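Quick heads-up: structures coming right below.
After this come two complexes, each holding chain A, first together with chain B and then together with chain C.
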Partner chain A sequence: MTKEASIKRATVVFLLLALGGLAVVGRLVQLQVVEHGRWVTVAQSVQEDVIELPARRGTIYDRHGSPLACDVPAYSIALDGFHVTKPELLVDLLVEELGMARETATDKVYRAAYFTWLARGVDREVGARFRRRTVELGIHGLMFFNTWKRVYPQGPLALAVLGVVGVDGQGLDGLEYAYDETLRGKPRRLRLLRSRDGRVYDLWEEDPGCPGKDLHLTLDARIQWICEQEVTQGVQKYVADRGFALVMDPRTGAILALAQAPRYDLDRPDPSLLHAWAVTDAFEPGSTFKSLIGLAAVDLGLVGPEDTFSGDSPILVAGVPIRNAEGKSYGLRTFRAAMAQSINTVLVQVAGRLGIERTYAYLSRMGFGRPTGVGLPGESAGILRPPERWTEVDLATASFGQGVAVTGVQLGAAYCALANGGTLYRPYLVQGPPEARGRVASAEACATMREILGYAVNTGTGNLAAVPGFKVGGKSGTAQIALPGRGYVPGHVTAAMAAFFPWDNPEYVVMVVYQTSRSEEFWSGSTAVPTVGAIVRGMAGLGIVRPYEDTTALGRSG
Partner chain B sequence: MRPVVQEAVARRVRARAMPALWADVLAVIGAGIVVAGLVFLYLWQGAILVQLRTERAQALLAVEELERTRIYLEYQRARAYAPDVIAARARELGMGPFDAKRTRYLTLDDDQGGKH
Partner chain C sequence: MGSLEGKILVVVVFLLLAGLLFVYSASFPLSLQATGDPLSFLKRQCIGAALGLVAMVILWRLDYHVWEKIDDVLLFGAFALLLLTLVPPLAEGSRWLRLGPLPFQPSEFGKVALVLYVSGSLVRRGERIRDFRDGVVPYLLVVGAFGLVLLFQPDFGMLVLYAAVVAFLLWAGGVPVRHLLLAAAAVVPPGALLLFTARYRLERLVAFLNPEAYRDTYGYQVYQSLIAIGAGGLWGRGIGASRAKLLYLPAAHNDFIFAVVAEETGLIGTICLVGLLGLLVWLGFRVASRAPDRLGALYALGSSFLLGFQALLNLGVVVGLLPVTGLTLPFVSYGGSSLMVSLALTGLLLGVARAARASAVAVLVPEVRA
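Now for the complex of A and B:
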């Protein structure tokens, strides 16, 4: 081979190699530079996995730190309908482990869809067992998502106040709805690098997210439990349609318990039971209002405990006869006795001394006719018409709590003012500084009314609320319910008792209200009043309160 | 020059050239070993890093799982002390609910005229 031939051959080989090299380099440039974005996406889709971990919703605690509602780990299970294997076994497993109806399970498993939720919010233990069994049985095509489930460690306590959350963790009612922004939090996003077998070999946080903030309530789980027990029993025992019990701290306006019956049942959800009707519904307060009218009159010096009035029935107001309950006449009675015996006609005379303007001013100052700002959704303002629309008859009926409508929390807040010496506080459920809304009466007038109401419980219509040693004071009231377009209908009654104890320096305000549409003989004295007594006894029984008088010892015998 | 002489010269030249060639070969092999070592170290530390990252990822996921377990156990503890659960357990033990009819209030007089 000549030298020239060798050089020529070497040149050809070099050129071929160079071309090959260029082709490789060109392809590399194409893959790594020109199509970089596309191939990164492909690689990420194969290796990387972005998962969003739902934020844990904030826990709702009672005043002592007991959790009332919290999130616990759970599973949501979905099905890839095109990759599922052994569907018949899966149906059996769904029926067996998750308690799903066979028809539902069959429908879900055989649905021709890429993605089907099989179950959401499955308990952690159940979900883990289900997952293990699917692996054992070789069922493929299932997706398990770590998620959270709202649970209630104290049982179905205060659900009308707390509200519930939906499957996606959003607040639907009550405080869960009102404080959804606070409780919700922000999901955490992780990017995972997976090997072919699915093993995670790297992980980094794309978005740390943040868990929801906790909510600390003023509720006391023990008092709440007592109230729920008593009011539930009361509704059954007294054949009431519904009832509520409210316990407040008069020194701050904090709500310690807000229970109602019938209760919301998590197993049989009824949205109509999911609002606290002590907040959302207004009712005529009946004779419980007499204390407040009396307070206004005492505050202005128009009435004293020993002033006497005629308790005869009826009394004519602008030509309209106003009667006592059951038309009973009492003759001459002191104001104190009239309060104890709940004599309408005496309070009509007291209101007459006050007049429309002053009565309205006091009631308005006590917070009636506007929402209290308790913090629950759907709060009613009640009904307190402007004074220019009042007649003398309206004034007379308002004196015994008819013709005005109040909510439970409004009435509770007004009684708190009476109990604490005259300061109206905003009722509140979420812990924070108390918020005074102004003074409604002098401390002396409040003390006088408290003493009168202590007398009323111990000798009058409220005596079934008296618990020896606890110095309960208060006022009961029975009011007819006006139905739209029908007026006052027999058998539709509100029975209420607003109480406080100890009456000389109250630490608790307790209010119980029942409503019925079925009973002609439905009186507060035999319904709401004993329930107040039962609540006070229950609080004593759990050691929440101790007797205030050392002259009485609480004993128990079989 | 005679062929014999030429061959002797060439042999002598080759003999001198051999050590230089071996030196070059050794240098290339040495350089290769160094490069291979560096490459090995690079790959090895890469593998170690991947392994550490994997372990870290697994540990983070395990911590996550432990946290979820803690939350679940905390819930179970709170549930065990709930009033309705305690009441149910008390009923199982034969304790009756509070009954006002079974309550007696005892007022005791002392010899100083006080009551307790």
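Now for the complex of A and C:
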């Protein structure tokens, strides 16, 4: 074969090579131009990591501008496992300076990872000392990030309302959870380019973030403090399982204090104590409900303060005997006196005059049976059955607060309506304009009922709540607790006192509730009622309220 | 220099410089991790480049007919060196020999020996190559002997390259088509069998068919390569800015260096590089067509086909058009032996081109006299 023939034959092959080259170029155009965007995204997900550093979380203030929870600068300390030197010294240092358990420290330091959080939210002074000592000892591979730590300038005040914050700066309960988005702000996002074996080759800020917004509460830190002291003492003194105290401004529905015991302890965290049970749990209100049934009857003109009823026990309703507390019979009593003595059988007769439909309508208008919208997570609706499922006996027991279930804030809101002349407000914790939810009764009926309740405190079952000069009115109640599947069990009791002062033009609604599971002799008159008195005295003692008159307005005539 | 030699030199210098630049860039993280010196791979590549340039100049300056006289010795020598890779104390990895300071890959040198021997023997046999026993069988035996050792290493990609270059030279040398088809019929079934018997080759094939589905296992390397190429876009991330080389892409500095080029310089850079390689092959083809004799033509055709075909196989793998074979990209990939052989093949091209120029002058002179 000649040279020319060889070249001719080879030409075919070289043309095929050229075609192959064109195929490669075509493929490059596809990958680098057509699919470019997609591959950039894939590359990012493979080669880059994101670190988020929480922004400064908004401060939570009480109504007077005292901070209840705020962020202070802190360090988060991380370890670059590939550049760490002298790990044994680092373990010692973690144990000494940060109080870490030796096993934890060892585990973290020797972990085969390029990025390990050693400690988060370390106080600045502690972190600075730690850093200084690592430098002195020549330990390398540590990263110090400026971050934030949640602190509580007033101590563990109102934590059941505030909730707490997790290590990543997320709200875990309470208002911290409910208003997380507002408080949290936007975290600072850092992106880092790392090699497959974990070396960091580049680090840049993707989003500077922005600090969270502050929250201004309706709480008054001083009243909150008084309530927490009193209800904590009360739980111990009266051998209660738990208790809460709620103080509201009846003219707006603003919550001034919401305290509960036992209190959440920052050193021994128990998440169950972070639920404000005045919001999350329903209980049978007992006799505190009588004032609301009474209000409905007075509003409709069915009952007047001086109307007389038989206070004998038992009274038969649809063939079922209904008794007074301890089976006592009182003979003929006025409505006023029956409220003061908390006579069940009289209220059964009052409810009989109202009837099922009207009783239900009033209770529903007062906000029972649905959440109040107070703004805390996990709010209960309570239990208010629809009227078609009520029997005469249900109506009779509802008149003294058994067979219905309410939450503390529902009862507080209803008492606010009674106190302010008939307007139901949404109870609220974060400052803003008050929200009226409607009218529940006439101003006159409310005034009448308040006068009766003022009388009840001065002369009746509520008398340990009386504080001279402060014109406290209110109604106590002791209710048995029905346990699931067991009905009412002796020794399981809710003791409540719902009060307001001054009764003629109330500025405060104060409510205290205790629950016990282990006390045979547990009466509101000797538990919740004196705690209300103590709270009012405490408020007076701190100068938050001044006496409204020098002597008691109502004679001890009853 | 307007001559072919000048053009070839310019193209090769560009390829060589680009190769050194991207070996440095692509090997930086691995080099740092493996030796603590980010320049260590580049330094070794420079030694390969220097030795390769010396070889290139020798091949350029010597009369290429010299090789025809010793090509059987060279072939035998190359085969002997290849056999040594099967001797454990001498072998490094499975493909390299430890001779002196630098590891040395005999199968790379076998390529040159093969081009020289097949071209030379075809010329020597003259018309006898029309006979199947003389034109096909000896070459099948040579490829088979080399192939057995290569399969032991294993280096299937190199075997494919050997087979292709021999087949091409037989075709260009004038072996009848039906003989070649007969040989192909004999070679392809065992080849296919080999493909499906070795587990790793089957895995590579499966991964090639669907790299995304096997992106964490067999297809990992190709998938990382596609990420790098795709992320490069039109203009690239900038020289030195590849991320795939941060140990995500295995063999980023040798077999898959093109992916790093693509990521750092984008479509612009890849088209330039593919263009340079194509230009070199085209220049080689023109050298062949101007060669003073059939031997020179076959040398030039064999060299340029070898460079072009190997480049194409490598690029096809890197862009995901072919299953993984493990061949380097001539001039660019890290590897002293590979670089030296690419430069030596260029030297052979230059030698033929130089002779072509001389004979053209010789042809021209009588005309002037006339």
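Things to note:
Everything that follows uses one rule, which is that the second predicted complex is superposed on the first by the 474 of 558 C-alpha atoms of A that agree within 3 Å, B and C clash if a C-alpha of one lies under 4 Å from a C-alpha of the other, contacts with A are read in each partner's own complex, and residues count from 1 in each chain.
The working rule: a contact is a pair of C-beta atoms (placed from the backbone, for glycine too) under 8 Å apart; a residue touches a chain by one contact, two chains touch by 3 or more.
Since the model is a prediction, treat every value here as computed from it, not as a measurement.
Touch criterion met: A:124 reaches chain B, while chain C stays clear of it.
When the shared chain is aligned, no partner comes close enough to touch A:167: not chain B, not chain C. By the document's definition of touching, neither partner reaches A:101: not chain B, not chain C.
Once chain A of one complex is fitted onto chain A of the other, the partner contacts of A:47 are limited to chain C, with no touch recorded for chain B. Legend: residue contacts after superposition of the two complexes on their common chain; A:56 is shown touching chain B, with no touch to chain C. After overlaying the two complexes on the shared chain, residue contacts for A:538 are found with chain B alone; chain C is out of touch. In the superposition on chain A, A:24 makes contact with chain C only, not with chain B.
By the touch criterion defined above, A:201 lies against chain B and chain C together after alignment on the C-alpha atoms of chain A. Applying the stated touch rule to the two superposed structures, the overlap between the chain B and chain C interfaces on chain A comprises residues 193, 199, 201. Listed in rising order, the residues of chain A touching chain C in the complex are 1-3, 5-7, 9-11, 13-14, 17-18, 20-21, 23-25, 27-29, 31-33, 35-36, 38-40, 42-43, 46-47, 193-197, 199, 201. Residue ranges on chain B touching chain A, taken from their complex, read 50, 53-54, 56-58, 60-61, 64, 68-69, 71-72, 75, 78-79, 81-85, 98, 100, 102-108, 114-116. Every residue of chain C that touches chain A in the complex is listed here, in rising order: 29, 33, 168, 171-174, 224, 226-234, 243-244, 246-248, 262, 266-267, 270-271, 274, 277-278, 281-282, 285, 288-289, 291, 293-294, 297-298, 301, 304-305, 308-309, 312, 315-316, 319-321. Chain A contributes residues 53, 56, 66-67, 70-73, 124, 146, 151, 153-155, 157, 192-193, 199-203, 221-222, 225, 468-469, 533-534, 537-538, 541, 550-558 to its touches with chain B in the complex.
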